[in-house]
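The structures come next, written out as structure tokens.
In the two assemblies presented below, subunit A is common to both, partnered first by subunit B and then by subunit C.
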Partner chain A sequence: MREFAAELATGTGDPGPYAPFPHRVISRTKETADTTTLVLAPIGGGKGARFSPGQFNMLYAFGVGEAAISMSGDPSEEGTLVHTVRAVGNVSTALSRLKPGDVVGVRGPYGKGWPVDQMRGKDVVVMAGGLGLAPLRPVIYELYSHREDYGRVEIIYGSRSPTELLYYDEIQSWRTRTDTRFQVTVDSADRNWYGDVGVVTQRVPDARFDPARTIALMCGPEIMMKLSAQALEARGIAPSDIWLSMERNMKCAIAQCGHCQFGPYFICRDGPVLPYARIRRFLAVREV
Partner chain B sequence: MSSVHRSIGDRLVLERSDFPMLLEGLRSRGYVTLGPVVRDGAIVYGPISRVEDLPIGWTDRQEAGSYRLEQRHDQALFGYTVGPHSWKKYLFPAHERLWTAERSPEGFHVLPRSEREPRYAFLGVRACELAAIRIQDRVFDGAFKDPGYHQRRSEALRIAVQCTQAGNTCFCASMGTGPRVDADHDLALTEILTGSAHYFLVDVGSERGAELATDLPLRPATEADVRAVDDLLEKTSASMGRTMNAVGLRDLLLGRPEHSRWTEVGKRCLTCTNCTLACPTCFCSTTEEVPDLDADRVERWRRWDSCFTLGFTHQGRASVRTSASSRYRQWLTHKLASWHDQFGTSGCVGCGRCITWCPVGIDITEEVAALRKEEPVAVPAGGAR
Partner chain C sequence: MTSLGDAPIVLTEGTHPFLERFDPKFLAAASANAREMRFETDEYVFREGERAQRFFLILEGKVGLEIEAADRPRLTVQTIGPGEVMGWAWLVHPYHWPVAARALKPTRAIALDTFVLHRYFKLHPDVGYRFVLRLMPVIAKRLDDTRVQLADIHA
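Let's look at the complex of A and B:
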């Protein structure tokens, strides 16, 4: 994809940085009632662009439009892209309806991801709320596949209900690992649910980590992240070691449309992953 | 006309009677000349084919929420300041096709860009507007190059005009962007009218400007001419209708998101978007998908958007900035504070358009002055709400 882009840029008809590159839908998994995971491969083969965990792509549904969607695949796997889409607007609904064989446009990857280099050798706390697990999944792959590079790993995943859990089978297999604690909690459940009921912040007090050498990663609704960051800070983790993946309306992904600003930051360029220390003052204000 | 070699830095004089030759020089070089014209009771930018297309003998009287054209007592070609338009409408058009794609057996493919960009000559670019173009360059011609902007911008010839009078809503002197034109011009003109004399001092600012000057009937400027220009610019500087203290504004505004003035201005602001449309640096845009009827061919269009609209921050099922005060705060804080973080410069050039064209006369300089005032009770920073 990048080679293709370079070739176009030197040609006369360069369609510019907004042009999507066609990809084929290889497979489609329905995660929940409104959430679907797509596996994509560039048309014409090739390895596809490499990405860092936490980055995102602009996905394009032909004739409908574009949406910013996080990378959710294993960053070490070449040749395919994995995206989990919740049908909310017209674009995400069109993307959710794609079937194997269909074509989708991709441009990216964009943004700054999780601080993987800073995490090595340290304890890692991962907190996910709802669809917020999707952008964290690449870093969870990284943690499990290079488990010896990290200290203690605590993963806390909260969802509204058991039926809204993403990557269900994968989580089951991850939870069999004895070198990592993967906790799942839901807001409410019927009596068939044997797991925890509650919110992710309740799991913070007994999470095992050394606050002085811990990196925390989180993604979810803003209020969940705000409260989670406060809970982790109360346990002694420095705000500069707490990283949030932020979301805002996004049109261009290249810091030209102005939509995704959060304080002085373009979420597309300076984020989506930003340290709590830099954004807490803006999280504290309404309607930023 | 025998051609004479001209160089960057030359200071020359063009008589008003020879001004048509400048337009002819632009035409013969294939430029589409654009400049100020009177339309719908305002001085806007449009095509110029003859000197008479310029607003000869007109001036503008501007105040917060008010703009009126008036007759001058002379026949000045550039005897006014800036109107509702800026050059951004040519470099960053309000509506522009980004790309076209067609359905194909492989799904779809994006067609090579076929747009032929015109070669513009901008006539009458003011110092604040050159500053505004420099600011938009950082947005569209930085890490990601917008091909249309890049091509139009690098081709566009800029014939600047130094302001010999300031408007009531002008404050370029405060922002350090004018009235003197000192960079990015191909030629800079200063119109001088004294008694029966009517001429232009011409500063050559680039090779292209020098080339254009070769076949113009110019004489070297005298010391008296140069002094006349300096006096005029000094007078303009001293007569700005507004001032803004821009020192330390970045930290000040980012540090006062809870200032009561935001609520107060939010009660007056209509969120009409006029300020962002008139602003020569505002760059926000949205994209639109335009399929043909059977959706075999689609076009992706970009159009100006504004942080004052409710839909601007729509996300999921709701918008982030629902109140007028939060949108005004975003606009002002972005323009004067976070622009520094993003692009290494203020986003304000002191042109005053947002003041003049605000239907309720909200004055950015007045708002900044109010925001500078300490609140009696400090709001705890960083506290949860």
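Let's look at the complex of A and C:
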């Protein structure tokens, strides 16, 4: 394994479709007790691959394994990749422990992202639960940097508690913008929290948008997406205008192994972002 | 500090969404002892265990409902904002607040005297019935929201 890492680092060997490109960790920010944001730069320089908001990379922790991790940086920034990782198992824990200077393998970007072209000229509702904000952050950068291209923008972010909020300082500055409403709610909080307490679905009834010309984007636990999609549908948004980012176990990420199958779809190729109209019936099934 | 409005309040259908389409006679009766109350940030609207004698119609601001236990810090479990109502413990034996309510920003609310409401509903059960029918969806919605909260949907 160490030889492989050395080969990668020096760029020797035969790169196949599974070969990760070596990147160096250039910074590491602890977001919460179990979640870390890494900024990576390709070893040897270069601009790195461009990506669309909603796509993901396979990150390879040498000697441990690979995991699908969403792009969570600004898509207009070249030369670096930003990934936010929650330590839940072997690979994600190894990735979370990387320090500046360490090397990590990257292959991607993969998958279909958020329907940015369809969003232009429309109202946009973004709903994130927990770590689900990570794959939505690139699209939030896009919305803010081309604000005039979109109608009303409502962002609703829910977290278990104030200590589990990601990108805390950035959210504070986003919330000061008057051209967008960014609501944050938590399941419960201690006395020092003066924000909203409750679930994201409670924020839907008074969100401001024209249902006939709105695109909704959401990412979070499936139960959160299902209930949020139902709440948006009750407000009149068509299921084909509600887009969900799905997670399934990934191995190859190039539609070869079938690990990520979800109903008739391969999440790595047909998703991870899919319209609710196409997947709603599979969301009710225990394991598809 | 909490300040009670000096002038007595005359409730109308437009005072608060909860009062829409109520009989003017009932609104006139409920105006007796009704007060507009203001709470500064961190001021308690009521505390856990106190006798529930008021029904609140929130006009402005935000109130957090808190639960307390000896072995853990106070926890805010829900927030209530403008256009919403707060407190139905006055309809449920033993008529004590099961939670505390603290203003999380400067808050303005109308407080109805529940003794007046009880008395009116005894004399006019049809209005009481309509009032409860108006309150039930609020209670059902809170129960639904709590259920969703328990499902840990923001994990």
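Heads up, the rule we're going with is that the second predicted complex is superposed on the first by the 273 of 288 C-alpha atoms of A that agree within 3 Å, B and C clash if a C-alpha of one lies under 4 Å from a C-alpha of the other, contacts with A are read in each partner's own complex, and residues count from 1 in each chain.
Here is the rule we go by: a contact is a pair of C-beta atoms (placed from the backbone, for glycine too) under 8 Å apart; a residue touches a chain by one contact, two chains touch by 3 or more.
None of these values were measured; they are calculated from a predicted model.
K.L.:
Taking the superposition as given, does A:Ala255 touch the first partner, subunit B, the second, subunit C, both, or neither?
P.N.:
In the superposition, A:Ala255 touches subunit B alone.
K.L.:
Which holds for A:Tyr194: it touches subunit B only (first), subunit C only (second), both, or neither?
P.N.:
Touch status of A:Tyr194: second partner only.
K.L.:
For A:Arg175, is the partner it touches subunit B (first), subunit C (second), both, or none of the two (neither)?
P.N.:
neither
K.L.:
Counting residues of subunit A in contact, which comes out ahead: subunit B or subunit C?
P.N.:
Of the two chains, more subunit A residues are contacted by B.
K.L.:
Examine A:Met224 and indicate which partner it touches, taking first as subunit B and second as subunit C; both and neither are also allowed.
P.N.:
A:Met224 contacts subunit C only, not subunit B.
K.L.:
If you stack the two complexes on chain A, which partner ends up touching A:Arg280: first (subunit B), second (subunit C), both, or neither?
P.N.:
It touches subunit B, and subunit C stays clear.
K.L.:
Note which residues of subunit C are touching subunit A in the complex, please.
P.N.:
Contact set of subunit C toward subunit A: 41, 62, 64, 66, 73-79, 81, 104-105, 145, 148-149, 151-155.
K.L.:
Which of the residues in subunit A come into contact with subunit B in the complex?
P.N.:
Going by the criterion above, the answer is residues 11-20, 22, 24, 43, 62-66, 88, 102-103, 105, 226, 230, 247-249, 251-252, 254-259, 261, 263-266, 280-282, 284-288.
K.L.:
So in the complex, which bits of subunit A are touching subunit C?
P.N.:
129-130, 158-160, 164, 186-191, 193-202, 220-221, 223-224, 227
K.L.:
Can you list the subunit B residues touching subunit A in their complex?
P.N.:
Interface residues on subunit B, with respect to subunit A: 98-99, 101, 103, 106-114, 139-140, 143-148, 254, 257-258, 283-287, 289, 291, 295, 298, 300, 302, 305, 307, 312-317, 320-323, 326, 329-330, 334, 337-338, 341-342, 381-385.
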